[in-house]
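See the structures that follow.
Below are two complexes that have subunit A in common, paired first with subunit B and then with subunit C.
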Partner chain A sequence: MDATLRFLRRNGAVLVLLVILAAVSTAAPGILRWRAINSLLQDNAPMLILIVGATLPILLGCLDLSIAAMASLAAVSAALLSPVLGSASVPVVVGGAAALGGLQGWLIGRLQVPSFVISLGALGIFKGVAMYLTGANMVGITPGIWIYDLLGSRSFGMSNSFLLVLIVAGLFAAMLKFTNLGRNIYAFGANEIAVYISGVRRDMVRSFAFATSAGCAALGGIMMISQTMFASATVAGSLLLPALVGVVVGGTAISGGVGGVLSSLIGGLIAILIRVGVTISGLPPESQDVAFGITILIAVALTTDRAKIGVVK
Partner chain B sequence: MSKLLQSQGPLLALLGLVLLFSVITDSFASWGNLGAVLEAAAIPAVVAIGLTFVLMQASIDLSVEGVASLANIILAITIANSVTATDIGLWAVPLVLGVGLAIGATSGAISIYVRMPSLIVTLGMWLTTVGLAALLYPGRLPQILDTRITGLAIGKVWGLSWIVYLTLALIIMALLVEKHTRFGRMCRAIGENEPVLVMSGIKVIRHKIAAFALAGGCYAAAGILMGARIGVGNTQSGVGLLFPSIAACVLGGTLLSGGHGGVRQSMIGVLILVTLRNGLIMVGVDPLLQSALEGAVIILAVAGSTWHLRRKIRVIK
Partner chain C sequence: MTAFSLEGISKRFGEVTALDNVSLSLNEGEVLGLIGQNGSGKSTIMKVMAGLHRPDSGVVKVGGRAVQLRSPAEAALAGIGLVHQEQSLIQALSVAENLFLDKPAGSTWAGVYRWNSLRDRAKAQLDKVELDIDPFTPVSALSFGQRQMVELAKVLSLEELVHGHLVILFDEPTAVLNPPEIQALFGQIRRIKHRSSVVFVSHRMDEILDISDRVYVMSDGRNVATRDRDAVNPDELYELMVGRQRVNRKDRKPREAHIGAEPALTLNHVTVPGEIEDISLKLAPGEILGLIGVQGSGAETILRTVFGMADDWQGKIEYFGAPLDIDTPAQAVAKGIGYLPAERKTEGMIRNTSVSENVAITYGWQHGRGAGLISRAKERGMIEGWVRKLAIKTPSIAHRIDNLSGGNQQKVVLSKWLFGKTLKVLMLDHPTRGLDPGARSDLFAVIRELADQGLAILLVGDTLDEVLTLSDSIIVMKDGRVSARIEGVQAAPPSEEDLVKAMV
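So, the complex of A and B:
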């Protein structure tokens, strides 16, 4: 029994993914066609990259609520900068986003204010600035800029946006596994005081985690405009919840220290499949949210490591 | 002096804001505008009351928007309305409140018995209730025809609608519960140190479930008041309630880490947020920049009001 439970806990997310995939593909075999998969992955690449980025703060036991607002702000800024900077607008925007994220992480430690509050404030700030920059209108992007065309197109039959998601996720996974910084992130989530006493600079670790989540969010925003060719201040606003759901369903514990980028990616795929499953099974689209809600509850109930939780809060 | 600043910081911030806006604008300090501030504060205040008891216990409840929308829809389709034939009259109100209580109690029970963080359970509950609200939606916008509900927003006494008076009554009740019942005292104690209570043989579980149930009831009440104000059942009616109400609680001094604050503090937080919103419009700040200024104020206010808690080794998540 214990062994079964442990197996479920370790591979719960993958099993859930396979079960849902089996169910969906029996109902509609067409979903397994390469073209269908490809277009699903392309449409959802922005959400997936947000999920990848959101994982790092959650590994610390923090929460970054500003990612969706950051993605919108980045999309808007990229659209506004692209006529001047061309392809260079992408590194500028992603770099700027990472700096703002790093600032958030640094402020959490300096002001000793919970990440929930800092990133909630940042959500408001980013949203307000994006609204102000656009005057609450749509902003189009100049066609024919190399980097946006690249992100919007395909190579080796795969969407370039999705390939970028895979590359970024792979880099982060390697970083978490093989570098000191990566191990410090897990240790930070497991026991922050111990990390502090062993001489790790907490501010650095936190700033790094929040810089990556903001940088990934900016990439997500840029992927969105490379597909739709326009941006608005609320273009990515609805991605916050699905992104957090993806991370959590994948098995990364909100309490920190457990999980990883690749599990989050699996969680993201589960979220996509639930949406598809609801649509093709002929259920009213409104039941999507119910399905999401119940899946989170079941997935987390299966994957949470109770040994870490002394008191349930 | 510094002690006063620590304990009454949010109240002083509120007075400071009121003073500032009264001096720099002519229109802020008027009876009409005071009424507008109270009207705007009423529904967030009802939500914040429920949230406060949960936050005091160091749990969190994210399900506000879903539960309030669901309550609003159930009210609209069970009372006299323009779409469905059902009309159970004012029985709709206890029905809706009961649904809210039941949803809250379910969240609490899942969190405790399945041992999952309340953040996740209520996130799941948020999505589930949003979906249920959409499923119950009868296809066309149901207009609430029962004037006993819509009259709450239209009928005015001394320039204020019944929504404000009902909210005031609810605040007084919540203050009495907080100060004078075992449940109220336990909420703070659970946030302060739950393991000690468990070891002393106190049945913590029923107080925790009660807090979530109470919160669910408050969100349902907010959904009803929302129905009175907008006069229709809308699946989006609860949207936008969550973050401001959490921010208001935290601004007032009800910390997310539990054990601190209370209903009075949270109400001050609600007033700060609403005053700020109102005052900034009066000052003539570009409405598009509103949320940016609000965000900055939330960060500064929380940093300022918890400055005295700073310690070298402190875990901040």
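So, the complex of A and C:
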């Protein structure tokens, strides 16, 4: 009995994925075709990379609410920079985003303000700056730039954007498992004070986590424009909720210390299937957000460690 | 006439017996002084009386009638009020709102304050304690002394709400007060005696003797003596407080040979505003320096300052002859300084993680492959070595630390510091707090062995016994200052009574 429960808890996300997949594919068998899967993964690669990046702050017990706004800002910036910098616009934008994310992480410790407030402020700033840069218009990307063409195309029959998601997720998973930094991230999420008193540089750990989530968000924005060739100040705005749903449904606890990048990837696949499920069930697209809202409530209620946070507010 | 009594009260918290069959009776109009060491059960007894804790067994009687005090509100209806040790006022609210926050009749109409009535009633309460402030002043604008008076006024407003006799409990009210404020408080206590009984807890013997009619001594969760003021012999009270926890002298052996000549750590006139003042000390490799003082004496602050956790300090700290200029624990650890915090559950152990992650968190990287890569395989052998050496009882090193006993948890947290190759100074803050005697003596042996190997150890002890057993030198702290220094403790141990005198 105990063993069954443990098995369920450990593999819950995979089981949920399989159940939803079974339900969705019964309703629409076409979804199991390679082409359909491929195009789903390609369309959703930006969301998946956001989910991968958002995992690290959540492992610390923090929350980065600025990722979707950052993705939009990065898309806009990349489009505007592409005529001048060409392929170099991608590393410049991702690097700049990582620096802004790192600054957010550092500010949390410096100002002693909760991460959701800092990143909510950043959300507003990024959104406003993106609006200002575009004048609320669509901006097109200069065609024929190698790196955007690469991200928009396929290798071995798979979307290059999705392959990049797998590579980044693999790197993060290895970092979490094999490096001292990874150990510190989990321990930080379990008990920040004890980790601080153990001599871990907590500001550095936090800055790193927020730098990666912002960097991944920027990559997500770039993936979006490499598919659509256009960017606007709100292009990725709707990705915040599904990204957070992906992380917590995968089993990374919002209170920190438990979970991982690969779990989040599973959660991301669940989020994709929720989208598909809403569409094929004939509900209007607006109900996607309702479905995500309900899912995140259930997932957090099931995974939060209330003993650790003491008071719920 | 007995106003209030406890009969055979026991209270346990997990494995710890906080109160063991305690009885106490309080006469009308009497001030009872309650004394005892840290952890002797003083605060628990107050909390039982105030309805904050429910006893596991025993009877509480008010005016001769057995009652159940299920909450502070029920205690208040029975005429019992606790003046809190830690300030319980809500800083953002006004004095008037705070005064009536916990009262059923709070000058409201349909949930909305009637401000004029509230002001008048608050004014009347403040007049009682002779506090001349606008009732609508926010609490955050008051001094600590004024806040303590507001706390008192809050409890005294029971006078209008309850008809019978009152019991007013003071849990270390003087800890944050200066001498004139203490005298003002004592004036209030004498004033309310006509219709109240008072229980007064303090660490300071002179205050107890000044204000009390009777003195009640606690030790190890038991009442060891009750004395009328006229029959009090202060020296006897000191002895009773220290209790039966005598130092086991056969454990002692001279360790002078191990102590290095050059100091590892030197503090020169170190001050942390409001916490410690003008602290100077020297600690040599191989030496165990014990710090002792009552709660709030500043001993813990010294450790935290050296470990880079004080926001603001003045003075000079030298580390092996060079100035120590750090402001985070990470920098202290990089220099070779370790710190075992007193709060094991919140600051020491990393909960919900394994024994091995707890041991490896600080120095695991030193046994890795370089470039930030760790080697769990290599760590495993070494962690298992420490588990054997410290006799840590755990099914495996992958076991969650939460599931170990307190003593074993503490050993895991300690081994975190021993796991590295660079530790030179180890600071232990109440290392045996909450441990049973067996785990304590295990830990004592480890600490001594570490010192013998050349580690410099700065120890804040839970009890006199602990500090006397372990230390080569002792510094006694009182109110943030050094009140006594004793060298050569193992050769010529000071009496526990002398130490207590320097503490209180």
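Heads up, the rule we're going with is that the second predicted complex is superposed on the first by the 280 of 313 C-alpha atoms of A that agree within 3 Å, B and C clash if a C-alpha of one lies under 4 Å from a C-alpha of the other, contacts with A are read in each partner's own complex, and residues count from 1 in each chain.
Everything below uses one rule, namely that a residue touches a chain if its C-beta (ideal position, glycine included) is under 8 Å from a C-beta of that chain, and two chains touch if they have at least 3 such contacts.
Just so it is clear, the structure is predicted and the values come from calculations on it, not from any experiment.
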(Q) Looking at A:Gly257 after the superposition, I want to know if it touches subunit B, subunit C, both of them or none. Which is it: first, second, both, neither? (A) second
Q.
Looking at A:Arg183, would you say it contacts subunit B, subunit C, both, or neither? Reply first, second, both or neither.
A. second
Q: Determine, under the contact definition given at the top, whether A:Arg201 touches first (subunit B), second (subunit C), both, or neither.
A: second
**Q.** Partner chain(s) touched by A:Ile193 [first = subunit B, second = subunit C, both, neither]
**A.** both
Q: Between subunit B and subunit C, point out the one touching more subunit A residues.
A: B
Q.
Taking the superposition on A as described, I'd like to know which of subunit B and subunit C A:Leu120 touches: first, second, both or neither.
A. first
Q. Can you list the residues of subunit A that touch subunit B in one structure and subunit C in the other?
A. 193, 196-197
**Q.** Residue ranges of subunit B in contact with subunit A within the complex
**A.** 57-60, 110-112, 114-121, 123-132, 134-135, 137, 194-195, 243, 246-247, 250, 256-258, 286, 288-299, 302-303, 306, 309-311, 313-317
Q | subunit B-touching residues of subunit A, taken from the complex the two chains share | A | 60-63, 107-109, 111-118, 120-129, 131-132, 135-136, 192-193, 196-197, 241, 244-245, 248, 254-256, 284, 286-294, 296-297, 300-301, 304, 306, 309-313
Q: Name, in rising order, each residue of subunit A that touches subunit C in their complex.
A: 178-181, 183-184, 186-187, 190-191, 193-202, 257-258, 305, 308
Q: Name, in rising order, each residue of subunit C that touches subunit A in their complex.
A: 307, 309, 328-330, 332-334, 339, 341, 346-353, 357, 360-362, 364-365, 368, 372-374, 416
